[in-house]
């Protein structure tokens, strides 16, 4: 019973990280109407960037974010400017296929630069520390990463719902053509958004790399988990993505209790079952 | 102020406008009349850059501006109130108007002035824009255009589906703008009303201008013929 | 003119059929890959180019087709060639089952949703001891067959898959379904309003594409005599199909043909470069989407007036 509770809590903590993976995907799907197939590979790229910094400086992974975040912002901005903006508004398939190509390029570049071996970010003492709560043992690192995820969601929700730039973002999400009519520079907005999406990816990638070993081909799985979180939560619903992530995390860890190899299987299964039962997602579509 | 010369517009391979010529003078109100599908909306959308046309076909203050982006036209002072209002449902009334104001030109018209002139809107300013009645939504849509302080305001079917009282409200707001010297282009299904409000008019039929003249002197038979394409 | 064309086609077909007597085993094995991958790309192109449905998880049907064949043939000791139709039927049945959740999604969501499908199926197979789990299954019923006959037989099956799938797709697109597809592709709402059952049309397309892919997968793995979950349910299959279709020209019948030739040419010349080879492939796909979304076929028809309707020339 106690161990079930522990699994549940750990599942929620893992799910919070998946939610953080999904936040950027949710934004690009909801606002730019595009799915970035390379989203997961960019998460892995962020982890490698951090790893390179950690190996070559005395920074620890979390402080490496000071460098990784600006780098990822620039990468996102450039990708949008140079690639994605050129195929947007053509038909929904073009961005998808283009980012599919990008995914292959990133995976193989990582492979070429860093070999196919797995590596991980040194979490130091954090990895070992745990809190004992009524017989349930909770890792400090998962707790910190879940906390950061919640903060990230609060921040993004505030940005979208309360700030002037957020109203431009919502306007574009509602009706891009009319947003252009009132003077919104949609392409520039998209470039900044893509940069911002990669900032969330940067944060997610370092937290991910600290708790799980990664390799150049780990991206697609991250994309799929992010995607499941977004769809489960209901399209265009930011907090829905958060809860979608939690559900996937819990499903995976509960599944892994049944059979260690079947964790992701149960995550996918929950996703498919929900899709059949509630195609619009679990939560009502809300703002952005 | 505005000269349209030999303007042709396409949707893919489909040609919606054929060598249209017309002009709008400073401070004037021009009515654009024509049946459904004649190409009125396309013409207005060409003027603001939402439909791409050749540079020479649209001249604003003598400058060739056809095909420029919506943003550039907005900065020059050409603003469209789109057909069907097209308010942003995720934005409140105030956010709808303020968003446009931020991207428009500086000038007398701003959100506060409009709320002062339209107290009924001020009361619902924090409600989602599409939760309002049709008449109020239309007032928001026009406000959204006015706060960009245009020199030329293009109105696409702003009275469609509104109650007579709401129509009067809409025209009261438009006339306030005209008293400021704004030029206005009206696309109207209600031909009587359009001719009553406008100085001059053009009839569009199947993508071509087939009749034009001074509104007060319009021959209603000729207009009806041009409208129905008899 | 017309009859000389037919004669050329017959000669080409004759040469292809006679290949086992002309070429060595290596050539035959390569050609099996060419024909099966062509069929897979054609199926992907049928979905994407004619139905507007992108399936990133199309490789799920490769695995299902291959495993159906291996399981039936090995467990019951049946001739593998005779099990090919069964593999088609089983794949189509799975496709029907998968349609239930998948067709609740649209566009990009459908695309990635099919990927989830492929993942869940891969994990299920990986954990199924009766399917050999991670080690996979051998095709032991091939043991008694002479090497020459085995290679030739697989090659002929692949040839039939390649030619047959082109025939099926061509026949499908020329018929009523083709007309329905055209109207759906142009304007889905208008097509629905004029009585086209959009969902049914798309599901039929999905089933046909799945059946072709399953068959091609089964034949492709006859060639290797061993099927494993990681290889048969691998995204690489779909990636190759997408590359071929995008490069050749999405939504044309000629596209996959050109694409598959280019793909194997590149592979035979450069695949020894490892990662760099894939980086270049990815870049080619990206550049194609940016600069020539119509693929190689659109470029060819732009220079030389091969386009019978002249539509592309007017647009460009």
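The letters A, B and C name the chains in turn, as written, and every chain counts its residues from 1.
In the analysis below, a residue touches a chain if its C-beta (ideal position, glycine included) is under 8 Å from a C-beta of that chain, and two chains touch if they have at least 3 such contacts.
Everything numeric in this text was worked out from a predicted model, so none of it was measured.
Participant: Please indicate the chain closest to the centre of the assembly, with centres calculated from CA atoms only.
Facilitator: Minimum centroid-to-centroid distance belongs to A.
Participant: From the centre of subunit A, which chain's CA centre is farthest?
Facilitator: Relative to subunit A, the chain with the farthest C-alpha centre is B.
Participant: If you average the CA atoms of subunit A and of subunit B, how far apart do the two points sit, in angstrom?
Facilitator: Each chain reduced to its C-alpha mean, subunit A and subunit B end up 43 Å apart.
Participant: Compute the distance, rounded to whole Å, between the mean C-alpha positions of subunit A and subunit C.
Facilitator: Inter-chain centre distance comes to 32 Å.
Participant: Taking the mean of the C-alpha atoms as each chain's centre, how many Å separate subunit B from subunit C?
Facilitator: 52
Participant: Enumerate the contact residues on subunit B facing subunit A in the complex.
Facilitator: Touching subunit A from subunit B are residues 48, 50, 69-71, 74-75, 80, 82, 86, 88-91, 95-96, 98-100, 102-104, 144, 148.
Participant: Which of the residues in subunit C come into contact with subunit A in the complex?
Facilitator: These residues of subunit C touch subunit A: 48, 52, 54, 56, 100-101, 104-105, 107-109, 111-113, 115-117, 119-120, 123-124, 126-127, 235, 239, 242, 246, 250, 274-276, 278-279, 281-286, 289-290, 293.
Participant: Per the contact definition, I'd like the list of subunit A residues that touch subunit B in the complex.
Facilitator: 164, 167-168, 170-171, 173-175, 177-185, 287-288
Participant: Residues of subunit A touching subunit C in their complex?
Facilitator: Touching subunit C: residues 29, 34-35, 37, 83, 86-87, 90, 92-94, 96-98, 100-105, 107-109, 111-112, 220-221, 223-224, 227-228, 231, 235, 259, 261-262, 264-265, 268-269, 271-272, 275-276, 279 of subunit A.
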